[in-house]
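Each of the next two complexes has chain A plus one more chain, namely chain B in the first and chain C in the second.
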Partner chain A sequence: MNAPMQPPESRYAVLDAAPRRARDILLRWEVILVILLVATIVVNTIVSPYFLDVFNLADATFNFSEKAIIALGMALLILVRQIDLSVAAIVALAAMGIGYAAEAGFGPAGLFATGIGIGILCGVFNGFLVTYAGLPSIVVTIGTMSLFRGITQVILGDQAKTKYPAEFLELGQSYFIKMKESGVSWLFIPPIPLSFLIFLVLTAIFGIVLHKTATGRKLFAIGSNPVAARFSGIAVDRLTFLLFVVSGMLCGLAAALLTARLGSMRSNIAIGWELDIVTMVILGGVSIAGGVGSILGVFLAVLTLGLVTFGMSLNNIPGQVVSVYIGLLLIAVIAIPRIADKLGLRTGR
Partner chain B sequence: MSDPILTLSGVSKSFPGVRALHDISLSLQPGRVTAVIGENGAGKSTIVKILTGIYRPDAGEIRVGGEQKHFSSPRDAWAAGIAAIHQETVMFDELSVAENIFTGHMPTGSTRLVDWAEMRKKSAELLKRIDAPIPPEFKLKRLSVAQKHLVEIARALSHEARVVIMDEPTAALSANEIDDLFRIVEQLKAEGRAIVFISHKFDEIFRIADDFVCLRDGEKVGEGPISSVTEAQLVRMMVGRPVDQVFPKRDVPIGEVVLSVKNLSNATEYADVSFDLRRGEILGLYGLVGAGRTEAMQGLFGITPVTRGTVSLDGRQLSIHSPSDAIAAGISYVPEDRQDQGAILSLGIRENVTLANLSKYVRGLFLSRPAEQEATRSLGRRLAVKAANWEQRLGELSGGNQQKVVIAKWLATRPKVIVLDEPTKGIDVGSKAAVHDFIGELAQDGLAVVLISSELPEVMGLADRVIVMKEGRIVDEFKRGAWSAEQIVGAATGAAKEAA
Partner chain C sequence: MKTTRRTVLQLAGAAGAALAMPTIITTRARAADKRIAMIVKNLGNSYFDACANGAKEAAKELGGIEIIYTASAKPTAEEQIAVIDAQIAQKVDGIIVSANDADALVPVGKKAAERGIKVMSFDSAIAPAGRIVHLSASSTPLIGAKQVQMIAKTLGGKGEVAILSAASTMTNQNSWIEAMKEEWKKPEYKDMPLVATVYGDDQDDKSYREMQGLVKAYPNLKGVISPTTIGIRSGAKAIVDGGLTGKVFITGLGLPSEMKDYVLAGACDTFAIWNPVEYGYSSTMIMADILAGKDTAEGSKLSMGKKGETTVGKDGEAVMGEPFEFNKTNVEEFAKVF
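Here is the complex of A and B:
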């Protein structure tokens, strides 16, 4: 009676993966971004002879690396249908903390720890309001954006913090690898500023976590269908909370790098960054509707935006034009896949 | 025979990697019910979507009343007098019942503003006509799955359509509600409408249909009056070979008590639910839709808060506040609402199958793609999932195949206690037997199973014991061997007097 009956084998032949089709690959978001990036480089090189200079390029990374570091955390938040609009305000609060700590005689390690610590606390506060109090993150972080910035303004007034230990300031200007140090003339190692190197390392870590680990898979599931994710035993609230803390932590790190680079801070430091950062993430292909995105995309978007801004500044194009251009770029890149869908160029419709 | 209301001829439709329909012709007569049957993924819903303007056919033509039609949107189909209750409901949770019924064709007064009073009045009439006492002003999200279904039926009726299509309308309903639905179908028939009825349940098909059309892998493999065939012939036509529809129940020794639930209650939906569940036991939980079965089990699983009562596993009292607590303790729950709670439609099949126990596929620090593929392949084959490839987005599969993937996801986890809520909803005969066999195998491995099902044959075929819930309370209990279908249904409806 107990003889195990074998169910008939399925008569359907199911492939392991879809056959690759050239036009699907060509219309992948990352490919669009690479094309955009290459186009940016080519146009700028033609227009300005100074563009392709490695030292210039290395210096250009200073201008976006701190934002880019924060964008990594933002990408994960947007992926799970949340957002943190208080990032720039956290940078300000953390930078102020670093300023006071420097006056109290902290060394570089202590200053970084101060910034990161304040960032974490801010992230805990956001995360708590979003997960345990169940409030929508857009509302919470618009609130804490004013709150954190307000605290900074109340405490600092129009005062600036300018006293920092020399070793700390040196970190802000430093290259991890200097051109001359490699010594070997045929070995070309480009100069890499510390903040850009940190961004590269973090990109690798975030990419691996998101695309290769169970935690990353859970984030995609939450972003795609939070209810089904919860039913599948994923601790949705705990992970969301954690992402806000990570976002705060990255803001603290960015605050330390930024103050070290600038050598001074006022209450309006990093003002307006949240929109630049959200732009990087959206251009990187992370869907505001959740569940779609890649770290590679965000990385490419960061480079594209950074080089566009740098190229235009080399050619003395005013900032307003830069922002018009970035606006158009964003709309175009978002529209291309949709239009391709409408024309039936991509599969699945 | 009178002129057909609607004819399809030579209709084909392909998706990447799948030929969903090939050269399909059929005609619908007024006052007749045509059952469309076929395995999961045979192409039934694709026909519905073509008839309602959701998909455009690659080839072929649609004629309504002899006139050729091209539908480019559902609105065109309504205008031609075709309305459908889709397998996957598309409704608005935050809107009222009345608004949902009249989406897209709200009654307007001379001012062209929505006439709310009229809309509510008409909604109430429609709901009354189908015996569904749901207040039209309720928000949809307050309703149960079955009630939502009734709202969908009302919506289809609101179009006063000449052709009414029902794609698995009974999947979420229990015996009594099915009777109500069939009354409605008879009424529509008497009014001279043509009805398309899709179902995997043969008793229903033989009860209600006049004609049948059988599909297999997108091709029409048979049609005719239903009286000319037997169930076995239909199954054979569908599958292409004779199949065992039932696996014999496995002989499983029943062990000690694993799960003990005492006086579980919440504020409104269920009260004093108590039962013990033993190792290797399959406990059926039967009742009408709305009897509180799902609500009680979701309380147990930590989805919704309970107000009173205790849950112990292996003698230890648990404190469960979320599904992850429940899963950590060893209790899994397979939700009945596939679309919202079970499936992640935008992820691939592989990613869905492995989601509920991801840690099993981690090698070192990373997820192992080969391990995931291996599990997906073997579970997918066992349940005969039809797909182009295992990376395909779940949303692109047919309804029944989505359900198979959801089941596979949960059967891949090996908890101590598993609660299955309508696990075979929408699954075809052959695969249903495979799922039943799988459940039997789990019990044999010592798992304790709670099976919520509105299908009495399923409960009676699988369960060792059945408890019946009515209006949020357990009203009766039956042991295998000492039960009859009449007794169980009687207890659920309250028709029979309380058993001593």
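Here is the complex of A and C:
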């Protein structure tokens, strides 16, 4: 089986052709995002003298990195035609576990493990209901959204968990990589918070897995046509289950980072995040119909949304206006390629 | 063709980023007037809009102060932290916060302090570690005393009085009632006995029925104190509905918008609550003092402009004053506000 059975060359040629075409379309989307990102940076730089300041930008990443980490898992789920709306509730449940573990005297490593452990359990529960019980993920996770949040509210009531070890808080509140200047004004190591660093590393890992491995191709296959994927011998249920577990795990990780940053947790922690996260993923070009998307797109969308929000609040634009702008942005970015198609601008490419 | 188009776009992007790079280092804070950010729980809340108007009034009076009034769209700690971060980034001089979460705002408050920005809270406090001063609208003794004084003024110090509270388990209600009883010990109230304390559980229908029960059980009842916004509006409605206007008066803590009709009908002569315009005004005056380098240790005095002075207590807590009184002359004006 192993040695002599070299598959014919032509077969590989056929397989290679499809991804290249898909990538062409994706590049278009990412080009739009790059233009948006550059426009955001340029406009904000002109409008506010405080925007392009390494410390300010580093501080701004604190406020979206936890969501961005969860968005990576969400991107894969949406890619395979699933969704996890319970992410914010998992964050709350995991954060509560971290709160109790901290009171029990756990150190930073133990607290991260607690959060990730609870996240994985929640993911297993979601994944089990979706794959083994065969229920639609949107129904399951709307249910577990109330369930996990409800458990947190029942146990905590109006109490807050506020006792955490100093080393744990340090991880969430200070820069993990400190600013280092080299003497040359444009050459320096910027300050990077732990949450943003983890996001960068995870983005690289997710990017490689999705775009450079067989598993990644299987995910695209499932997203394009789950039935065909199953008949092609892809373990659709097992991979889907795994993605829910990964999503839960990322929520647990985000919960640990968020708790460390806030130094406090209440039952309303991270409330409403699920929609912010779905927004990041959709803006990143992951098709809600499945089978299309890239980690680079999600990464660019995260940066764009983060900087738009930060830039607007720097100019003291009220939060409601920011919501309106992000809504318009989302519709515009989704509509532009479709309109371009209708006008025939993309035919012949 | 397609390659060139893409390359052009990429080059444009790179050029944009390259152009932006030098400013990363060269950007420094503008030297300008003192800027104070007032960050409230959420926007679109007329109570906080009134606070902001007071802050702007104080800024005008002091001169050289710019007020930035802002909040997040959602009243959550995480969103409020992002808004505070943006203010820190703008290097404002002072931040006045009505906190969505006392504990979760401590780290960002400390961060502001590290960058030389003064932080105080009003309305809803940040825990002591995250701010310099918290200004409470009023204190328990002042709130208790004010309500007894108001009913005494309405009744001329004569007649039976009852209390219509919320729930017997509510800490703030009970401590206000204790404070009222303390004030009641004074000799000028000897002809105005307290005959009963009943609980409406902060429900409109239960408060309404408790009020009806009170007037039946005590035929000589002249006045009712209700230290809860729901109790006072339901009690006032029971007075009007029962045709008791002019015979029984209600007072207590209420909202002008809800009490306006009852004040004009005569069921309520005066009632009180803190005035949000003064609250924003006093907070800004105190922040101006802090920015001027005034001592904020326990026992030191801070100016609240035309509202006088306040003394900093334990844990940096200061009190604005007694609740603000509303009556026929001003209730319509404030009903538009909150």
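We adopt the following convention: the second predicted complex is superposed on the first by the 312 of 349 C-alpha atoms of A that agree within 3 Å, B and C clash if a C-alpha of one lies under 4 Å from a C-alpha of the other, contacts with A are read in each partner's own complex, and residues count from 1 in each chain.
Note that contacts are C-beta pairs under 8 Å (C-beta built on N, C-alpha and C of every residue); 3 or more make two chains touch, one makes a residue touch a chain.
Keep in mind that this is a model prediction, so the values were computed, not measured.
With both structures placed on the common chain, the touch criterion links A:218 to chain B but leaves chain C unconnected.
In the superposed model, A:231 lies in contact with chain B only, and not with chain C. Residue contacts after overlaying the shared chain place A:38 against chain C, while chain B stays out of touching range. By the touch criterion stated above, A:313 is placed in contact with chain C alone, chain B being left untouched.
Across the two superposed structures, the residue set of chain A contacted by chain B and also by chain C is empty.
Residue ranges on chain B touching chain A, taken from their complex, read 15-17, 41, 240, 243-244, 247-248, 250-251, 303, 322-324, 326-328, 332-333, 335, 340-347, 351, 354-356, 358-359, 361-362, 365-367, 373, 377, 380-393, 396, 409, 430, 433-434, 437, 441. Contact residues of chain A toward chain B in the complex are 1-2, 4-5, 7-12, 14-19, 208, 212-214, 217-218, 220-221, 224-225, 227-235, 237-238, 291-292, 347-348.
Residues 2, 6, 9-10, 12-13, 16-17, 19-30, 42-44, 68, 70-74, 76-79, 81-83, 85-86, 88-91, 101-104, 106-107, 111 of chain C are the ones that touch chain A when the two sit in their complex. By the touch criterion given at the top, residues 27, 31, 34-35, 38, 41-42, 45, 48-56, 59-60, 62-63, 160, 162, 169, 172-173, 185-186, 258, 261-266, 268-272, 309-310, 313-314, 316, 318-320, 322-323, 349 of chain A touch chain C in their complex.
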